[in-house]
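The structure follows.
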Amino acid sequence: MTDTKGDRSKRPNKQTDPDAFLHIVDENDDGIIVRGAKIHQTGFLNSHRAIIMPTLSLRPGEEEYAVSFGVDTNEKGITLIYGRQSCDTRKMEKGKLDIGNYKYGGQEIFVIFEDVFIPNDRIFMKREIKFSGELVNRFAGFHRQSYGGCKVGVGDVLIGATSLISEYNGVEKASHIQDKLVEMVHLNETLYSCGIACSSLGFQREAGNYEMDMLLANVCKQNVTRFPYEIGRLAEDIAGGIICTLPSEADFNSEVVGSLLKKYLSTCNEVSVEDRYKVLRFIENLTMGVASVSYRTESMHGAGSPQAQRIMIRRQANLESKKKLIKEILDIN
Amino acid sequence: MTDTKGDRSKRPNKQTDPDAFLHIVDENDDGIIVRGAKIHQTGFLNSHRAIIMPTLSLRPGEEEYAVSFGVDTNEKGITLIYGRQSCDTRKMEKGKLDIGNYKYGGQEIFVIFEDVFIPNDRIFMKREIKFSGELVNRFAGFHRQSYGGCKVGVGDVLIGATSLISEYNGVEKASHIQDKLVEMVHLNETLYSCGIACSSLGFQREAGNYEMDMLLANVCKQNVTRFPYEIGRLAEDIAGGIICTLPSEADFNSEVVGSLLKKYLSTCNEVSVEDRYKVLRFIENLTMGVASVSYRTESMHGAGSPQAQRIMIRRQANLESKKKLIKEILDIN
Amino acid sequence: MTDTKGDRSKRPNKQTDPDAFLHIVDENDDGIIVRGAKIHQTGFLNSHRAIIMPTLSLRPGEEEYAVSFGVDTNEKGITLIYGRQSCDTRKMEKGKLDIGNYKYGGQEIFVIFEDVFIPNDRIFMKREIKFSGELVNRFAGFHRQSYGGCKVGVGDVLIGATSLISEYNGVEKASHIQDKLVEMVHLNETLYSCGIACSSLGFQREAGNYEMDMLLANVCKQNVTRFPYEIGRLAEDIAGGIICTLPSEADFNSEVVGSLLKKYLSTCNEVSVEDRYKVLRFIENLTMGVASVSYRTESMHGAGSPQAQRIMIRRQANLESKKKLIKEILDIN
Amino acid sequence: MTDTKGDRSKRPNKQTDPDAFLHIVDENDDGIIVRGAKIHQTGFLNSHRAIIMPTLSLRPGEEEYAVSFGVDTNEKGITLIYGRQSCDTRKMEKGKLDIGNYKYGGQEIFVIFEDVFIPNDRIFMKREIKFSGELVNRFAGFHRQSYGGCKVGVGDVLIGATSLISEYNGVEKASHIQDKLVEMVHLNETLYSCGIACSSLGFQREAGNYEMDMLLANVCKQNVTRFPYEIGRLAEDIAGGIICTLPSEADFNSEVVGSLLKKYLSTCNEVSVEDRYKVLRFIENLTMGVASVSYRTESMHGAGSPQAQRIMIRRQANLESKKKLIKEILDIN
């Protein structure tokens, strides 16, 4: 969905480079030719096909930008460029503990369309600018709804890791530790509540599909742009400074200094030093490493940056009906 | 539900005055005699009957405090004492505008039971300490759930009033005003989401009744102890200092200074000065006046003070299952 | 300083009523005649003389509004109208405990100037629009600086009252109570730090007077628009719901129900019930009663509303010099 | 200062491994032998000498842990182990842009003392447990004071970078962008105010040295555990998702895809694509990369974790004097 956007103060058709937003550059009887780029693509690399759509509501004169279609991810003319993530090259190091989370992960892709041909039967929207705003808002609504599940699951694991490290450090019974864990859970479950609420108040469209509650989906995402940061901050608080001064796995296993490190990283008797090492790396991974990309920055910008939700909240807020309430109470008019 | 509690550092049966928590003082074949007080009673004054229950989980030795029953609110031995609220006597003044909200309101009652007789057929719990904790938690759960609707409705009216006053002042288009209104809506709808979520995830008990999701009901109420304060703060911000320096209705209608006040309280051409006066008083009413009691302090303490919810969130958080998640990811154990 | 401002979306000279901002309406050899109103005047009532100045920076065409002068507060043509405050009439009730703070208080006045004559030797500014902006900003700067002392003192007393009520209730050793008191102190001392900082970085003008640091004075006041609200919220949390359901002093001393109330308001053995009553009323007074006007709403709007400080912070922020720092680090340009 | 601490629920002399806190293991006429480790050492690697001191207040029976001395950083028996930081290996990659900040940086060291001999003339404290608490508190006080300058400087550069990227993206005039920049400045200057305040209220000890105000130094550091996180969050908001999906410098300069990337990373006409690349990497560096270690986690834990400051704030708060204020106002006692 996301175009590169060029100069944000200008509309798509006023950009110096017309390709700053993906658009139709040519057409024949069999289909269209498109050019442009879609960035921040999370699942593109591990998908066979993708659906492309505009990134904003379009106006008369911007018809060539109103285009949506399906495409094979290895279609001729498509170039995928791997994005960098914090700590990405740890995945290529010899060991596995410094990766933080050696089982799971993801990767964003910069996707460039150089005159890609899209046959007619794969085109969903072609120059219908009047539907573009609704398409963007609805898709964004579904995407914002989903964050009330996605980031909450990650939050659960981070809370688990933080709880575990407090146990490993011997502080799990301190009242301020317990209180911070409660706060982490409280914030995470508030996000979950928002996800559940916009789903529960969903409704069926005439076409048969179900749609979330648009206002609450935006409220959900808006909270997602805030709470994971605070949850992460509390995790860093409880885990301790060691998450960012911990020596490397190579040192940990070194014949020269390994035993010294193991000695000094020991905490409670029943705790395995390696397990503690793993959990510390995992918390680093989620707060500063590879996974912070998806837990923090993607929480901020995925499915639209915070201001996009605020615009939608304002539109959906129905302030006029709220003014009516107060007028009725106070016999105004 | 709420007892006066005496010294909060002591259990009911260790209080200097055994009546600090309502309890059974005598019993015969037909019923029991109870003594004590229940305070912060919001609907008691306008109800025919009330259900009384313990305020905390009880332990062996505290059986006399494990008592729940129905009672007529004008039963012999019951004394009702009206509580004071901020600005309460404005309701007894000559005019009506200074009341803030002259149509709606409520009142808390201090209820004293001096050896009230409760016949057997109105007793729901008598010394069954083992059920007292569950009774308290479930009732509190339902009550905490309800705040996700109750306070949100009040919030809607406050947002309406704030939106209206910004229009009356000619500032409704200022970007910072719009942004603050969006924030008020966002916070209010987050509370609503919490109310919807703990209801949507409700389930049916074997007895046939439905129960809310206990964790999310506590999360809901915990947010209610925070957001109405911030919503109120933003309302005060937008409304302006005039909410707390506005002269009295008597002055407003005075032959001597009334016309001067009307002249200087005028804002935009199409705005009635009296309507503006009403809305300003309404916002004062909700942020500092009679209604601040229910919108602010009751949001804090109604259905249990914030710490009560935190204890429940900790109990329901299931940290062990979250630790399991991280152990699985990191191959620990 | 504060004019009534009429329609906030219009400049002074575009208002329907030209008196919405105080201005010169006539002039002779001996002085000028002014008309308009100044509102939210905190010390006016208990002062012999006052200095009047414009409320905003003025532009060409608005010369008549660029006026500053000294005036006796009982000068011919001046009308003072008492503003209402939350719970104001409690001061006129028979008892004194329900007042909350029966020793200290203040009162805002609505001051109307109906063609008041100002002799030449009392005029400080007459139509010099080019100085009006600087005058407003500097005065506001001094005023904003002062809030780092004024509201901190009130905060100290509120923290003392909250600490005392926690002792009276027998909960002062609970970890969550201690933590909330620490937070109250922390926020209050942050305000104090801001007051000290903008004073410490003050400098001497050529005229010999000292001036605060303008950026930090605005930062100080901006924090004052936030932290007293949170400090008050924590006070309400610790004090308990009783602050807004407590029966009246008349009931407390009544022959009929007084002894019952005293019995049920008792907490710890060594605590006087009346002392507890006083402290609860004091906290009500500061969070919802008369003093909430000065502790909360005046913290918000006194010396300029929050947005006024944000405008000044932006102007003083010197973003260009900060951009230079990053350009130097990154060899840009 | 910081020991590895073993099981945090146990005192130094109750640890399974007595070396969990650095201590004296032997002594002769010429000096002492010490063993243990000091971690999170920021400047150790680039210093010739270091001063070692205890990490907590010590009690009778813990005399061997009350030890402070000067030592050459390459003394016999000392082993330095490099800690890992997020994105550390980028410094070893071929290019320099992906480093984020290729001119400046730092590195934490894990320092192990294996029976290091300390001659008498370098020993400052030897078993004087009664001074250990005061030493720790005062040193921490100075350290906490310094954060009001250190992190504020970093904040200035981050604000500059964020301001610059908003210009590069063409959004610097959007009201929500301006408002967020104001908030970043406001928070950063609040930290600065705290640093200035605890310094301004400093006083001279009899020995001639100057000492900061202890309460305000702790208040300063407590704010440092919060605001850089929010400043960073706002930077991520303004910079956009591209900070964590930006392809590598190698791709950027690649013959195959470099020109495509340059085309699609262009924004406004006058903006150099490479400059934009640099600024984005710099923001990544400070929010997730190498420098997030010092800007975020060190802000949290350096000079003591948040709870350490809260304990000091409680001790310095002088709640008794605040209770006295309220008692005087209310004629209590």
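Going by the order they are written in, the chains are A, B, C and D; count residues from 1 in each one.
We adopt the following convention: a residue touches a chain if its C-beta (ideal position, glycine included) is under 8 Å from a C-beta of that chain, and two chains touch if they have at least 3 such contacts.
Since this is a predicted model, take the numbers as computed values, not measurements.
Undergrad: So which chains count as neighbours of both subunit A and subunit B?
TA: Common contact partners of subunit A and subunit B, which must touch each of the two, are C, D.
Undergrad: Counting a repeat as over half of the contact pairs in common, which of C-D, A-D or B-D repeats A-B?
TA: So the equivalent interface, with over half the same contact pairs, is C-D.
Undergrad: Of the chain pairs A-C and C-D, which one is connected by the greater count of C-beta contacts?
TA: So, comparing the two chain pairs, more contacts are at C-D.
Undergrad: Provide the C-alpha centroid distance between subunit A and subunit C, rounded to the nearest whole angstrom.
TA: 43
Undergrad: Based only on mean CA positions, could you tell me how far subunit B sits from subunit C in angstrom?
TA: Between these chains, centre-to-centre, one finds 29 Å.
Undergrad: Round to the nearest whole Å and give the separation of the Cα centres of subunit C and subunit D.
TA: 37
Undergrad: Name the residues of subunit D that each touch 2 or more other chains.
TA: Residues 176, 179, 310.
Undergrad: Can you list the residues on subunit A that touch subunit C in the complex?
TA: Per the touch definition, subunit A meets subunit C at residues 175-176, 179.
Undergrad: What part of subunit B is in contact with subunit C in the complex they form?
TA: It is residues 2, 4-10, 16-17, 19-20, 37, 39-40, 79, 81-87, 89-90, 93, 98, 108, 110, 112, 114, 169-171, 173-174, 176, 225-226, 229-230, 233, 236-237, 240-248, 251, 257, 260-261, 263-269, 284, 287-289, 292-293, 296-298, 300-302, 305-307, 310 of subunit B that touch subunit C.
Undergrad: Subunit B touches which residues of subunit A in the complex?
TA: 101, 103-104, 156-157, 159-161, 163-164, 167, 178-179, 181-182, 185-186, 189-190, 192-198, 200-201, 215-216, 219-220, 222-223, 272, 275, 278-279, 282, 310, 313-314, 317, 319, 321-327, 329-330, 332
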